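Here come two complexes built around chain A, the first alongside chain B, the second alongside chain C.
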Partner chain A sequence: MASSSSSSSTQVKKITLKAADGKHFEVEEPVAMEMETVKSFFVGNEDAMKDMVVPLLNVSSEHMPAILDFYRNHSEFRKRTPPPPAEEVKAFNEAFLENKSDEQLMEMIMAANFLNTKELLNFLTEAAANRIKNKSVEYVRAFFGIENDFTPEEEARIRAENEWAFDGLDED
Partner chain B sequence: MGESETTTDVSVDQFSELPPFIIHHIMSRLSVKQSAQTSILSKRWKALYTSFPILDFYESYTYFTGQNRWLILVVENNVKELDFEVQTNSTYRMYTLSQTIYFAKSITSLKLGGCKLELPYGDIRLYALKSLSLDKVCVTEEMLQKLISRCSLLEDLHLSFLALKHIYISKPQNLNYFDYRVSI
Partner chain C sequence: MEGGVDDEVGGDGDRLSNLPENIVRHILSFLDSIDIVRASAVSRKWRYIWVSMPYLLKSLELCSIMFMDSLSLANFVSSCPHLENLRVHECSFTDDDIIEITAASLKDLSIILHERSMLFKGPTSREQTIQFGLKVVCPNLVSLKVVSLRSHKFSFQEMNSLQNVLMDFDRPDNNLDVPQCCHALSKMLKGVCNVNALKVSEVFLESRSFRWWTKPNFPWKMPNGTTSCLKYHLKIVELFNVADDKHELDLVRFFLENGYVLQKMRIFWAGNLRVNGKRIYGTENTDEFISEVMKFPRSSSNVALTFVEPESRISFYD
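Our next item is the complex of A and B:
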């Protein structure tokens, strides 16, 4: 929109991303390029100009600020010398997850998958795994919103076949 | 119990549609036991568990004694890398890896430790094997020789602490790394 500037080389270039619900986000180019999906929009696509708006169809604007915050911080962590202390990274990661509901976590996993960014995806899947660790079958079903489509007989058979896996597990 | 929520509308639940790749990702971060528990969640998850490409066993010995079902799964699911080590103090009761291992035709990398190999009475079909590592594995000279001579793609061979007096290897064409360790 207001970007008639090819002369603003001193400033960090910005790329505009459009979330699924149409909301625009102006993002510093290096941060935007952390996302493979955004990168591939430009790389090998000569027609794409840096002032084009990149549509991110699967990412809701609700999660964009958090996701961008993650990229900003983690790319800064990677570049810093000496590397940041582990506690600092841990503190950021914990704060990042603190107020996220299970549902929001799942939505962000889908977003990270769409954005094709390994670091964020690894981080979020690990967080999801941590949330279901040592939980009952019913809890895990509820967590992922899975509908049990086994008959009681089938379920009993699977339990029997994999006895070692269910050994010592709490009944729901 | 959870029955009060049985709504009849058929709204597709978005999470059950997590792509397989993501579900495998999450499974890879669970313990072996818990990832196996996912097979009871639903039919889709059971299929996904069966196709889970990483079988990361790190479990107590008792789960393995007397059964080789896990190995059948390894072979049936075309596992490419197998790293299997039994940590035991007993030299009398070694875990014997069944013949099934010789049928793992998709395995490219095989690392075995602390177990016993059986003399293959049939074919050795480790057609894809490129890297073989045996550490404190109970084998005979004859078995080892047979094993190596049948793996024509073998590139890396690591042998350590095998209680053998002689090792005879007729050099397979592709072998370019051989590492041999003994205890003195």
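Our next item is the complex of A and C:
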């Protein structure tokens, strides 16, 4: 990123973000402003100086590099003319999700929700949806970490009501 | 990776079920309805999660519902981006406002309002006076059916895909008067085929059909000058409940004279209505009516005219 033009990169303002576990991240201002939560920290807050550290209470430092990478790449995709080919965007998105466990995905969804960035949240929630598409009820429970609080009779009745929906599922 | 999920469940248990409901709904919104149905068996909290997801709906039938205002229907419809079929049957509204249906995805819209005989059981008993209007803005609508509309306050916009229209006005003597009704008809013919539609319509509109439910002793005074709909698109006209009165002849004449691309016209005779042996309404002299019709000038060289007896008539609502 910064290597592309060293003269301008020195002029780009940086904003310091503090992850939940206290780790600091220096981020170029336009990238930081992709996050509505960061933006609203400065906009409408006259006392806030650009050199203040913005605390991001719900984002663990583990996910910060990936999330910032997403913003950088996607804002570049948006600005580029002509727009990047769909395959390039798809390749980036697939690489982004590769090796991410279900749990990591959920944590990032919570982070995107907290950071209030629609693009990232949409992307991650759709990814989560794809992982539970056509999966069994048991799989979905495990995925979200939900305990089954139905009695066996209740569950049997609910399944019987819509039997058709429980057939022909993908293997867990 | 799979082991990780199991560990999680065995570990701090319900941690992720604390996922905010808006996020759960957001995730589910990407799934098919069959996945959502299955999701209702996940847990008590998820049992009725689909109820709060109107945007899943493709087909919706609302029967005998009383809306406190026409806005609530409009808002509900606009929160369903996938809605393709909407039926609003025998529903009532407690205000006189315009019912606005704006839905880009909608293909089939059917609004059947109360018959006059239906009693309005609302907080106010204004059944006779309520004349809400209708505004339909549905660029992909193919089929439109409006029955018992009691007001001429209606408008159709962006209806470039529309192929089938069925309109029936309820015209109690005390309210929609004759000029209003004529105005309504000409407005409708204009509204379903505006200038923009003209450009695309010759490609897209294969068979535009038109059904009109006639009212007894109703003098039709048709607007002079034809609309683009009649000139270029209208191929089928069906007139229902036709008795042998002069005003209906005028209506037939109007379509024959101005329907340049008309292919088929079917006239369904009204059944006879007798009280104490005295005919109060119905068809007496169909032969005369037919011979009159045959004399009318026609703009289309190729119209198949059919007259249908009441016994064999198909339902207007088909």
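Just so it is clear, the second predicted complex is superposed on the first by the 154 of 172 C-alpha atoms of A that agree within 3 Å, B and C clash if a C-alpha of one lies under 4 Å from a C-alpha of the other, contacts with A are read in each partner's own complex, and residues count from 1 in each chain.
Heads up, the rule we're going with is that a residue touches a chain if its C-beta (ideal position, glycine included) is under 8 Å from a C-beta of that chain, and two chains touch if they have at least 3 such contacts.
Fair warning: this is a prediction, and the values are worked out from it, not measured in the lab.
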item: Chain A as common anchor, with chain B and chain C clashing or fitting; value: clash
item: Partner chain in contact with A:S101 - chain B first, chain C second, else both or neither; value: second
item: Contacts of A:F92 with chain B and chain C, given as first, second, both or neither; value: neither
item: First, second, both or neither for A:F114, with chain B first and chain C second; value: neither
item: Shared chain A surface residues [contacts with chain B and with chain C]; value: 106, 109-110, 113, 121-122, 125-126, 128-130, 132-134, 137, 140-142, 144-150, 155, 158-159, 162, 164-166
item: Footprint of chain A on chain B - complex, ascending; value: 1-2, 13-16, 18-19, 21-22, 25-26, 29-31, 33-34, 36-46, 63
item: Sites on chain A touched by chain C in the complex; value: 101-103, 106, 109-110, 113, 121-122, 125-126, 128-130, 132-134, 136-137, 140-150, 155, 158-159, 162, 164-166
item: Residues on chain A engaged by chain B in the complex (per definition of touch); value: 106, 109-110, 113, 121-122, 125-126, 128-130, 132-134, 137-138, 140-142, 144-150, 155, 158-159, 162, 164-166, 169, 172
item: Chain A partner contacts - residues on chain C that touch it in the complex; value: 1, 4-6, 8-9, 13-17, 19-20, 23-24, 26-32, 34-35, 37-47
